[in-house]
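My questions will all concern the structure given below.
Each chain gets a letter, A, B, C and D, in the order it is written, and its residues are counted from 1.
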């Protein structure tokens, strides 16, 4: 074994720490605001509801993020156990179970924050806003919270078409209208509940803030295509919630933090600085949700020269600039600013030449991960890690087909790692590391295959 | 008045237990023997032995209830009742205030919620040997220890290791790894006890833990697991002096109650013509659903 | 020219191989026992005696297997999947799909012509799909391990086990014997169930000819035959299938010796 | 046309053993057969086009070998089994496959099925998740789009008149099923739980009109038959996720219990509410499929606009029909069952249990992994439960 003094495998971004501190403040700020009588909503990280709630001066708190925070500090165990006591099967979403456990504890303590809760805890909700976006577990979970709180539960509808339907004429417009109507109904609900009117300028302000954060994050991610990649997935995850964080009435702080991060990443690109302190042997993508309890596993991989350059979850979409000056309805403006059709995404990503072919393929084959596959190509990944979660079907059920297609189209292999977002007991780091070593053989093999076939990487 | 007797037989995966009581709930005999390789054929032998102890004949027994894994294979039983109900009843006899009964046997682990001496809810472990008495048997064998050794050894432990393998077979290896790495035997054994107690605690937690918590089954003879269970549940755990007997005792007591109730109501109870014949076996094809 | 050692510390047995150039000079195995460290030392000593060389003749050692970290005298560790691939590749260069049946786990791998792993799957966490299940049954039936395979092939009526658990399989086998079911039928049932599990792993990894089987399980002619029936393809079996992983480790040691800085 | 020689329950048994038998005959005669997954696809539209709707189910008696490559072991084994059957060519006779957003994995499966099984016509209906008014409107739009796709496939239009006729025919089936369930109110029930499941499975595998005739036969047959189910101590209501074969019910009925009522989807769920005939038939259909079918996949609440939530009141709104079932069918216990890894039912279980506790009806939760072998250990649990309810 070599005796050189080893640096830490990861070269973390300075700007990340500042931004992460903002997230940690979130719970404290939420608690204080609650104490002053401002209503608190528990809500999903990604979703249509957040800017609207913020525009109505509601404090938003994210149980999803809170659960991962507990897991990262290895404090989720007792909450998970409590959820089991409450009768919830162990295969349900880890975020949900930790949250149910937390809620049960809160009720037991007469609404007080449990003393064992990290980061000051989540304040008791006045409102539970779930969404039908991303997965069904979310609204079933929030419905379950009705057992613990008398706060109203609202599920904000969102269409979930499969790829083929998305490309079917008429779908996009129908779904846009659906969203607009649904959000309008939601605002009526909020106005009635809070006894005040929505100030529409504020919505423009909060939603523009959101879009600006998204744009910056997208730009940062573009920089990660550089070789060596300047920013590691761990840094991306560390601030993921800050980036999506719309809880602050003033999003400018977050915009600012992201701008600083952009500058730092740009500096690294210009100076050839990598995100890992080892030669970048393998460029990787992480598919699925993060193993919050065992993030240091990625450091062990970094030590072997694995640089995680992109990830599938929480990836910001390409910002679109469309002229909405003629749209007078603020809700419609809000929806159209963000809701993009699959067709246009394909057109932008693939260009006029390739796009029709891709669309035709989706219609013919049914499912297609073409956009995600292209991501792997754009970032020149050598391999992807598929994180198959015992407790999340939304993120796990499509992974096998994705890896099949990835190998088929771009000759990039995948490594399946079984684990979980919250539950430590489901992950075996020693075994996983052994598999990772063997997988290097596989990546080396496909590097040659790609070369022989004339791929650029 | 002619004295009447009742028997309970618990045909477990590892141990066969028989209890005979009389009308006043007095324990006249109890016998525990290995179910062994002879398995189901043994029921009648254990029964004979307990009759000898009680100094009565089979014809003097009014009612026999069979319970346990092999309950369907007791030809001389009048009725079969699950070990869940029988354990609950037996445990309540020892500890009238029991609210949660935990039984860890050779084949499975069970949690039973009890109210006023009656079973009201329960949980049972799955089809995996981890978290059962077998787990300890197998690993004790690897370590060259007897089951009786395990408890006392583990009490010496000051720094138990954590055993991460779920699988019994993997645990065997993990144990060897630890020993090779210089971990003390007592710390390894304590780790095993913690692993099994943790698994069972996790399972019974679904029933909400309320005192009195009573622990029975063969594994309750192991002081190390008792301690580990107390730690994992965060409350004291009571153990009857003969933890193996609760199922058979419960069966005998239920037999007694069945008859006394029927007599009080003036009803007759159908009983089997008793012959201490050998157990008959179920055909393989109905084995799938008639097994456990 | 130097000698290279490959040491494979498995769950049941520890195996060692000495090579010089491409020739296997000696192979040796012993029970891992409870104390690995002891077994590891003894293994090298006896292996070197068998090869009639001394420690100083050893130019490099690679350790692999579940207990690889116990081999303090190794220059480095290589994952057993890779060693298995490399070892099989040297035994049968034409093999592309490998089934490796060990005590605790079974792995199926696809490899390329250089012996690199290009896809693999490992049975994890539960021993129900591995060799130990067979050992346990052999033990309760009191039949030597070497004979169970042949016996299992004599049955036309494999029993169906109601449990998948290797540990509970023991008690189930006991009751089946008590029911009067023949040992052949019981053995056939266990072998068939295992072959079924292995078969579905192969389905998942994808099939590519030619096929090889190794690990201690490949010493079992019955198992090899049951797997062959399940897959419907010919299986190549190396002469010392249980030493394949150790052989691969030795090959890594040799390559490492050459480049000396590849890691 | 092949004339079925067997009638009533004998015919049910015959088709139960060879489910596609009848549709294969019809296919040979030139009829189109469309498979549908779960109970959300609008089968009335298929019937209106003279297409035979055929329920796609799994096979819990067969081990999953091919689907492993596309769906990991940590998802609903029922859906894995469906895909496995598809990949093994068991659904090759289908001309089309219609799915809907029943759950996350159901949606994924839709795409995977299209990609791998390649049934010629494929459609996924994106059914909304709540019963908000906007969701109801969206459902109408989604259904219209489905109607158009189906029309394009068939090369014919569905007129309002035809659709109404189909709805009437399907409602007739619903009424007949309810009539059959009425016979289960007697003690002992005239039809066993296992027979009920087989019957439902069979009528979802043949044209609706034929199913109606079969149901009529069965109803008159069981009223007079001798070998009816025995009288048992327990009368059970079975709630839960998909249960598309009989082993679990048979196991329960081999003990001292009859399954007299169910709230499952190869059971009463699709049949207990009629589709209202509305001027635009879509209105009635949307109301039925989104709002009236009581599957936990849809988010319901007592009053969306209430400022304070009352959990018990909410439970009553959502589950009072279970108390009605128990009262009318005189059930004295409830078996809550779900296949493992079903999120939709998994979250619902504690809430249903809360409700049952409130109305003082004992219940037990059983999770199974959709294999016959795994049901064996459940027997002790069921028996223990029967001992509890006495």
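Just so it is clear, contacts are C-beta pairs under 8 Å (C-beta built on N, C-alpha and C of every residue); 3 or more make two chains touch, one makes a residue touch a chain.
Because the structure is a prediction, the values reported are computed rather than measured.
The greater number of contacting C-beta pairs, out of the two interfaces B-D and A-B, is seen for B-D.
Relative to the C-alpha centre of chain D, the farthest chain centre belongs to C. Distance from the chain B centre to the chain C centre is 39 Å, each centre being the mean of its Cα atoms. In this assembly, the C-alpha centroid of chain A lies 49 Å from the C-alpha centroid of chain B.
Taking each chain's centre as the mean of its C-alpha atoms, chain A lies 35 Å from chain D. Residues of chain C in contact with at least two other chains: 125, 162. The multi-chain contact residues of chain A, meaning those touching 2 or more other chains, are 87, 428. For chain D, the set of residues that touch two or more other chains comprises 69, 373, 376. Viewed as a contact network, the protein chains are fully connected, with every chain touching every other.
Contact residues of chain A toward chain C in the complex are 1, 413, 418, 428, 431, 434-435, 437-439, 441-442, 444-446.
Of all residues in chain D, those touching chain C in their complex are 63, 65-66, 68-69, 373, 376. Considering their complex, residues 86-89, 91-93, 96, 130, 132, 135-137, 139-141, 143-144, 146-147, 149-155, 157, 159-165, 168, 170-171, 174-175, 178, 181-182, 184-185, 189, 192-193, 365-368, 388-390, 393-394, 396-401, 404 of chain A touch chain D. By the touch criterion given at the top, residues 81, 84-85, 87, 428 of chain A touch chain B in their complex. Residue ranges of chain B in contact with chain A, taken from their complex: 164, 202, 205-206, 208-209.
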